[in-house]
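For reference, the structures are reproduced in the following blocks.
Paired with subunit B in one complex and with subunit C in the other, subunit A is shared by the two complexes that follow.
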Partner chain A sequence: MKLAKKVCLIGRFAVGKTSLVKQYISKQFGDKYKTTVGVSISTKEVLINDIELSMVIWDIAGFEQDGHYAHYLRGVHGLIWVLDGTEPESFEILDIISESIPEIKQIPSICFINKHDLVDEWRVNDEDIEKLKSHNYAVLNSSAKTGENVDAGFNKLAELMVS
Partner chain B sequence: MSSERDILKSLLLKEELEVLSQLKQKILSEEQFTQEISRVLSGAIKRAQETDKGFERALAKPIKTGVTKAFTENKQSIVDSMLPIMGQLIRKTVTNSIKQFVSDINRVLEQRFSLKAIKWRWQAFKAGTSYAEMVFKKTISYQVKELFVINRENGLLIQHVGDNDMLIDNNAVSAMLTAIQDFIGDSLQTSESGLSSAAIGDVSYFISLGPKAYLATVIKGSATERLKEKSQQLIENIHAEFSELLTQEEKYQQDPEFDVYLRSHLLSKSISDTPKKVNWLPWIIGIVLLISGLIYMSYQKRQKFNAVENLAQSIEGLYIKSIKQTDGQYIITGLLDPRADTTKLIGPNIVLNTQAFISLDPVIIKKRIRILLDNHKNINFDLFDGNLLLTGNIEKSASEDLLSELTAIDGIRSINNQLSYIEPQSIAHLLKEYQNKFQQMAYHFDQNTLTISGTVDYNSYQSLTKEIRSQYSHIKLNDSAILISDSTDKLINIVEASIINFPNEIEDNSAQYAKLADKIEKIFNRNNSLTLEIKGESDCYGKTSNQHSDIRAQSAINFFTQRGLDSKRLIKKIQPCVNYIIKPDLSKLNVTFDFNQISKADLQ
Partner chain C sequence: MIPDIVKSFLVDQKAGQGCFCLALNPELAIIQCFGNSKLVGVTPPDINTSVFDFLPILMTETFEENFEIPFFNINDSQVCNIHFLKEKEISYLVLVDRSEIFQVTQKYQQFAHDDNISKNKFKRLAEDLEKAKQKLNKSNQEKAILIAMLSHELGTPLTSILGYSELLLSQKSNNTKELEVIHRNAIHLKHMIENTLLFGRSEAGGFQSQLEYVSVSELFNEIISTLKPAAINKKLKLISAEFIDQEINIDMTRTIQILINLTNNAIKYTNEGSVQLLFSSTEKNHIFSVIDTGIGVEKELQNTIFNPWERIEENAEKGSGIGLYISQKLANAIGGTLKLLYSSKKDGSVFQLIIPRSSPQKQKIPEQIEDFKTNCLGKSLLVVDDDYDILMLIEAILKPYGFKLHTALDLKNTNNILLNNKIDIILTDYNLGKNNASSIIKSMKDMNLKIPILLMTSMPSEIIKSSYKTLGFSDVITKPLSRQNLINTLNKNLIK
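Showing the complex of A and B:
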């Protein structure tokens, strides 16, 4: 059986969304930051429980303006929240979007706290973590640079989407 | 206290204080500070960009504001700055458009006189549109290469047909197409998708929206609005016929029926614009008939032309340079001998545009010969390879002129003159003059020989033959049938047969001598090689017989001499006596004559 699912990555600027996708798709990482304009589309074929799943990954440009992402999230099957451990402010996006689009909570989702390779610079406190857990998302400390938990996170979401 | 401390500071930190003072002055002096900062600014920005990730974000907003302000306040300057780039871009675009336009015009011109053009004219006539519009419609070429049916909400690909590039993920394409629409909606702050078409090079995308899905049509070439309408119809039909499929994501890209349905809409222009299958049979029959008709007309025309050409070529003395058919007339140009017979070419459809020349065609040469021989009915001729054979009769006097005229005809290389010269009229007159001198004169002229018969005197004969031979030296005279009444032989015979008898010793025989004298004179005159032997004869009775013989012969000589005859040609001869007789015989007392031939030398 073949299926195609739309997956969106959400997060503020420079949290590493594109790098995570690049790591997942081609196992590559670039040090230079290039901002995504609009949205970048990638696909990845995975086999989940005899289902050939084509993940159509929408790497949406960093959120700054309220509501500008609404267009891109329509009909989404899975969400990947990307937060930056070095910037606790990036965690705010979860609340902002969840409040503006309440139904998004029903979408299978996972959460990457990225840049775990810079764990020494992390400024995340316990309060932030607790708040994050309240959303009931699977949370993974990830590193787009080292590839830590990247495949696991995407595969976890794939399972959630087909289950 | 303070002053003491200041003194102490100045003593201990004099140099540092001076440096600090200078630094303070630099910082406080705007000009100096600006100068110092400008030295390190580029390096500082570079380092900040490398080390501080927030630096670019921090700069983004003021730069954006600054650029916006610059565009707002200095429009003209911006326009001037952009002009070299934009102008080039615009020129390139315009050039490409003109190239396309010229290409279209060329295509139209190429089609102008084709069968297709006639068909299009007919179709334009039937449709009530202009020919130009029809040509434009027909010559715009495109091909629907791919069709994407995409879930309108999430951008998932429902079905794709068309070219399958292994390097391109159709799921990604459909997602990107959706994302682009979302991006536009995001940019324009509108919930409605504003993207209806996009073009890259000669490839265009038409987006036709439906309630649940939209259709992305990939077109190569020049698409038309009509095709856009068709695309819209297609997505509407898809919603009507495959509505359930559009929402069943597990069936996406797996429905063969939908695949077949979509593939039938991968169109090329020719299919889309001519939905009905064209029945070519009437066209083929029509074309075959048309071609047959044209071939038949061409054949007829050729036949007529060939007939005229053959007719013209059959005319001797006409050299054809060209035959052209203009306005139903055959214009023959070339060279025409005035003697050529062109009566066959006289007609309303044939015009001779020729120049005169002398033809060496045997027929024309014969024509010229005939004209010259028109007054010579008894002459026949034959011409073979430039050799002219003349037979028949002609008067000698006329022949020379005729031959010279014939020789002057171009194309006659030699003349074989087998002409017989006929009796000239003057001979007839001459013979008539002598006719009364002849007894039963007759003559005829055959094969250049004039035969005369009859009896005539010697002088007349001599006179006639002399005249004929002198005046008509070319004529052979046959006079064997002429009997000369007083011919020399006759006269000689008469003289030699004459015996002058002297019955008496002295006898006057003048009368007899006289009769002979004329004849002898004639003979002498006619033949000066003759001498006359005058012989005195006796009966040999008595001793004086020889003497008397001499006297008698002498008497004859005397007489003839007196009559004027040449004494040298009169030879006296004595028949001497051998035996004498005892009885006289008077019959033997004679003088006889005998002509002898002597040589001229003897005469002299």
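Showing the complex of A and C:
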């Protein structure tokens, strides 16, 4: 059986969305930050429980603009929230988007707290983590640089989408 | 999964230049380019290629309704807006080239994001710096409290040692030499405690300059009377200009402390000759000089002599190594400077304290100090202290002056004495076992008594002194007690 699913990455600018995709698709990481404008698409074929799944990964620009996400989230099957552990303000996007597009709460989702390689510079506190848990999706500390939990996160979402 | 939505296509020439139109047929992609499309760099799939190989973004589309995908990145340099339009049975997929706009937008967005990232980095650094500063301030305050507590605890027994040794020396005992050693070392310890306390306060940033008019002669006399025993012990001449008939407006306490530190150092590091105190004034500054004929400061040490824990090792004299550091801190705190003007092994050293002249203030009216014995004759003095040794010491110092003395170790006894006797003046320590001296003020209020009450406490800052006065204390006497200071303060309050 073959399936194609649309996966969107959401997060503030510079949290590492493009780097996570690059690490997942090609196991590469670039130190230089290049901002994404609009959307970049990548695909990844995975086999989940005998299902050949084509993940069409939408790496959406992180700039904040009214209604910016509406065009891109149409018909989405899975969401990856990307937060930056060194930047607690990046956590605010979760509430902002969940409130402006309430229906996305029903979409299978996972959450990366990225830049775990810089854990000494993390500024998240227990309150931030508790708040994340209230959203009821898997939260993984990740590093696009080292690859920590990157495959695990995408694969977890793939399982959620086909189940 | 993909509906067979496109059976044929109709290309609208009005789509115009820069548009790239695809007619969709999931089985067979039919691709046409029109106008001067910038997307010519895209390798057009051949006629047999599925449109989804070319635009995988469409793989998950249902094509049931119109949609738009702005700024779709085909590759690093080519970007288009994708529009899907469905009209009756014909569907159009229109790719509008946005590469040029993308380049400009990308440039500005990159700049804005880089700028934002830099700002966030600076913001975080500033926050970290502020946190570190607060932590440091807190730790300095805790250290200052600890030092103050230790100084207080050390000050109480020291008061007894200093007081009794001074008392015995004045009574010409048989063991004068031994008593002098005890007294000299007690004074040394007193200076160390004072310096340690001032060090703690200067680190915590907790003192303010208090200006008052003082005669230069009086100021020098105080320094000389404090340090004369040490100078005599080393057979040194400790001299100042004979008479300087000038009143200056300065922070007397701090200035004396600095000059005592400088003079004490000069005595320590001078083996023969003299230590001289000089004063001069310019239009802008008051200048105090301490000149010695001592061993001098090595050239390489001259730049670091004001750093904490720096000392001249050549001399076997005792010293903590923070005297000059504290003196410089104090000098800065009162707006002045302290410097080593000159030093050589042959001629000794010259240290200078330079204090800017303050703006003229109302001159202090000199107090009319009457004869202490006359003032206290027949007066009732109540001394309260939970330390028996201190009580006995004060009694021994003051009894010869004709006071009628009462002593109490705690609040209960104090209240009994106040109830049953006419008391003219009270001298009390702050800590009284379970209670403190504020309770005496409360008791006096309850008994409707108005009696001057003098508080003895360890080296209080001006702010603390002022807060004690707000609580109702008439005056504050600094511990370790100096006999002269005790008499002066009592006298001042008796003639009020």
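As a working rule, the second predicted complex is superposed on the first by the 162 of 163 C-alpha atoms of A that agree within 3 Å, B and C clash if a C-alpha of one lies under 4 Å from a C-alpha of the other, contacts with A are read in each partner's own complex, and residues count from 1 in each chain.
Just so we're on the same page, contacts are C-beta pairs under 8 Å (C-beta built on N, C-alpha and C of every residue); 3 or more make two chains touch, one makes a residue touch a chain.
Being a predicted model, the structure only gives us computed values, none of them experimental.
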item	value
Subunit A as common anchor, with subunit B and subunit C clashing or fitting	clash
First, second, both or neither for A:Ala138, with subunit B first and subunit C second	neither
First (subunit B), second (subunit C), both or neither touched by A:Ala4	both
Touched partner set for A:Arg123, first subunit B, second subunit C, both or neither	second
First, second, both or neither for A:Ser54, with subunit B first and subunit C second	both
Touched partner set for A:Thr43, first subunit B, second subunit C, both or neither	both
Subunit B versus subunit C as contact partner of A:Ile25, first or second or both or neither	neither
First (subunit B), second (subunit C), both or neither touched by A:His77	both
Subunit B versus subunit C as contact partner of A:Ile101, first or second or both or neither	neither
Offending stretch of subunit B which, after superposing on A, collides with subunit C (from 37-45, 109-117 or 235-243)	235-243
Common ground on subunit A, meaning residues reached by subunit C in one complex and by subunit B in the other	4-6, 13-14, 33, 38-39, 41, 43, 54, 56, 58, 71-72, 74-75, 77
Parts of subunit B lying in touch with subunit A, wherever the complex brings them together	53, 56-57, 151, 153-157, 169, 171-172, 175-176, 179-180, 182-183, 185-186, 191, 249-250, 252-254
Residues of subunit A defined as touching subunit C within the complex	4-6, 13-14, 33-41, 43, 54, 56, 58, 61, 63, 71-72, 74-75, 77, 87, 89, 123
Of subunit A, residues touching subunit B in the complex	1-6, 13-14, 33, 38-39, 41-43, 54, 56, 58, 68-69, 71-72, 74-77
Subunit A-facing residues of subunit C, complex	1, 56-57, 59-62, 67-73, 79, 102, 105-106, 109-110, 113-114, 116-117, 120, 124
